[in-house]
């Protein structure tokens, strides 16, 4: 993700020094910086949550505001320094983490004009995704990429599945509206669609549930259908995950076998030693 | 699906012209037509939903009725033209999309006699399944067929599973009727079966839940059973999906066998060494 | 299942004749008998359900009682004939379906002494499992056996999983009792265990739900754990099902390859023609 | 688990005798001891549960207290004997079961000072995990290890998944707080996060559910997302389980590699042709 702008800038010494601290974690100072960063992200998230609790906000309002100011200023300075010390500035600014770093600041300054936007600061939590890089947890990062890649590869199938599911829910909801029509929770078609989604995903709040025997019979059929349908996304992702796990780019030169496990040293088809 | 009647009719020029616009999307006009069609489907669905909301219906009743008339007339003309310009008329009329196109019209005309049928217009949403063909999203179509095929191939196992599940729910419901008998939600056996299905599918509305300690004990056992049973449909579809996934690109040159595993070196149908 | 006693008895003609009608469905009369049987099972189940609805029972009480008598007498005669015409009587009586046929009768006669046992008649539904044999649905029967076998083979793992789950629920329930202790729904440890099971299986009736912030925090952790745990039974059954699907006893004589698909005619490892 | 200290001590006869009874179950006395132990664990768990029910506690308080004393003393003596007769005392004390045996005693003695800790005695249930060893259920033990191993191997991926899920829930909860803000159940951000977790895990108590149309629309999107996300942990564990399942009986004679796929003909570690 940060490969492109990972190059050590050759220009000035202070830039190189800061670069190492901010972008790397192979020095004592760099690690300290990362840990402070993580703590501030967590603290910031915690404060936003607590501010929303009237009882706590009344008591600690000033503390919360002051801490928010300090953290936001720290993040602002950090963001500017990140841009300053990196060589390929554009690459950083438009990278995944670059955008998140920016979004983590905007709500603070916006909240002077639109107070409600303050709560968008919660997006700061996304910065935590850096956690694996920070602690050099390479295995965790690899596994994380694996999951993301499996999801990406099956995303097309999942979109199709969701389209089916939405059409299905709209139709079922409308039918139920005709069956239970007017009864509490089924007053309108959108309401009934809401019920259909709550049911088919097996969430089942119970704020809306069928009342007439006919409606209950109908709901039973929907539930049994939903119970069978739930297998589809699981099947998609499982097949993809299993697939990704085995053949990460490896191939036997002698027989072309592509089914090579991560820890294999010899091809299990022809016995050829693997490179 | 529309292969059979896909042939360009050789008769008249205007027929050929309209055919291209309506059935294909390889011309500017054809694409425009498709986009207008999709928008009208969405608009129609939206209007039906909004009509069911008393507050909105009161305010915009006339607008809704007029729009519905316009869209339905457009769909009627389109349906007749689809029949007119296609060669093999029977094939279109009884094809999957031909039937849906017809069903999307019927409720409108029926609603003059039986007003309640108006809401069946929601089935128009099914026309949206054409969306992938319209935007030439071949990959999406292939993935869609894959899902449908996997479901079709495992449908027999899923029917058996559902039969088991229904028998199971009926028996459990009856037992629970004896345990909780008469208490709210368990007044009759059908009611108790409704509860059993709600529980075993893990929907759990909570409109009916066990009250006596004995009933709760019984429910706990049912839930644990349901939790284990949920694995069955998933297992079925996953195994099928994994199976279908593998052998999509490979094919045997000698006998045309398409069912070739990733690690196969010889065709299992004719024994030919695979490339 | 009924293999052992499937042999045509050589003794008397009427026995042989009845045997064919009752146990087989390769004659017109045999098929008629089977269809009548199925209809009576369905009718019987339906009557028991309807009898539990006070409104219907009041109106049709006599009809229900008479029909129940007729059906039960028919089943009794049928059961005695099944024993009479079969050669290996013991084998039938203690076979899976023999026991079910017997259990389908007992509650009727017991209900003269203990009226409540009447509802156990619902177990008659289990006789419906014969449906696949009756209609000669061989593919369905095979798929059914496959599912049953996959469940049997993974039953040991599922028992272990359930033991884990029960211990887990008991401990979580007890901890929650200490956290929420005394609040409605958490008055006793068994009550709290009931809540834990409802939560971890994702049923979530909502008749009991955490009230204090501490309890909610605790519940969130439990739900996230349950969400991860749900993968285990699915994984077990899926692995088993996938396994069962491919290698049903087949093996290549030349290379010993056991991974042979149902439709393979040549070994995909060495190209040897399969027997 | 108890391999290290499994060695028969050579010192004194009474030690060797007791060792066989306590640690092994290959003698009549040893089996009797194990069954008594299991019964007392179950009885103890049962008593703790029943004590929490005010009605039962009032009636049987003395019985419960006396039984608890007897069982706890028995467990104390047993724990001390376990240490006395084993050779490598440290190994036992810090082994998995050694720690559990200790934890099963502590709450009893602590409860003299802090009565509430009494309920921690429920942890005694964990001692039941010994059940498979006791009855020499080797197959069960192997399957148990298999599940534990599959979970351990996929634990890293599951942690990552949980981190994603937590960040996701916090963000969704905060957004919902802005949408439904102030309405019952969404008074604060932590409350809204609680709702988000209840929804995304498909538990759906219904103690909190969206009220405004906007909130319901938002909830529908979250549910559909959750329905797709649920596939991820299942996919992870299934892939891992399938993997572990295959290579259990096979082993390479040359290098002892145990990770051998069903269709492998050569060891992938040393290239040796497999038998």
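Letters A, B, C and D name the chains as they come in the text, with residue numbers starting at 1 for each one.
Criterion: contacts are C-beta pairs under 8 Å (C-beta built on N, C-alpha and C of every residue); 3 or more make two chains touch, one makes a residue touch a chain.
Every value quoted in this text rests on a predicted model; they were computed, and no experiment measured them.
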Chain-contact steps, minimal, separating chain C from chain A: 1
Same-interface partner of A-B, chosen from the options B-C, B-D or A-C, over half of the pairs matching: B-C
Type of chain A:chain D copy interface by residue overlap (half), same or different: different
Rotation angle (°) superposing Cα atoms of chain B on chain C, nearest 5: 90
Between chain C and chain D, centroid-to-centroid distance (C-alpha), Å: 29
Interchain centroid distance [CA atoms averaged], chain B/chain D, Å: 41
Multi-chain contact sites of chain A, meaning residues that touch two or more partners: 161, 190, 193, 202-206, 230, 234-236, 238, 242, 259, 269
Residues of chain A defined as touching chain C within the complex: 202-206, 234, 238
Interface residues, chain A side, partner chain B - complex: 156-157, 159-161, 163-164, 167, 170-171, 174, 177-178, 187-190, 193, 199, 202-206, 209, 213, 216, 219-220, 223-224, 226-228, 230-232, 234-236, 238-239, 242-243, 247, 255, 257-259, 269
Chain B - residues contacting chain A, complex: 45, 48-49, 52-54, 116, 119-120, 122-123, 125-126, 128-129, 131-132, 139-140, 143-144, 146-147, 150-151, 158, 161-162, 165-166, 190-191, 193-194, 197-198, 201-207, 230, 233-238, 240-242, 245, 262-263, 265
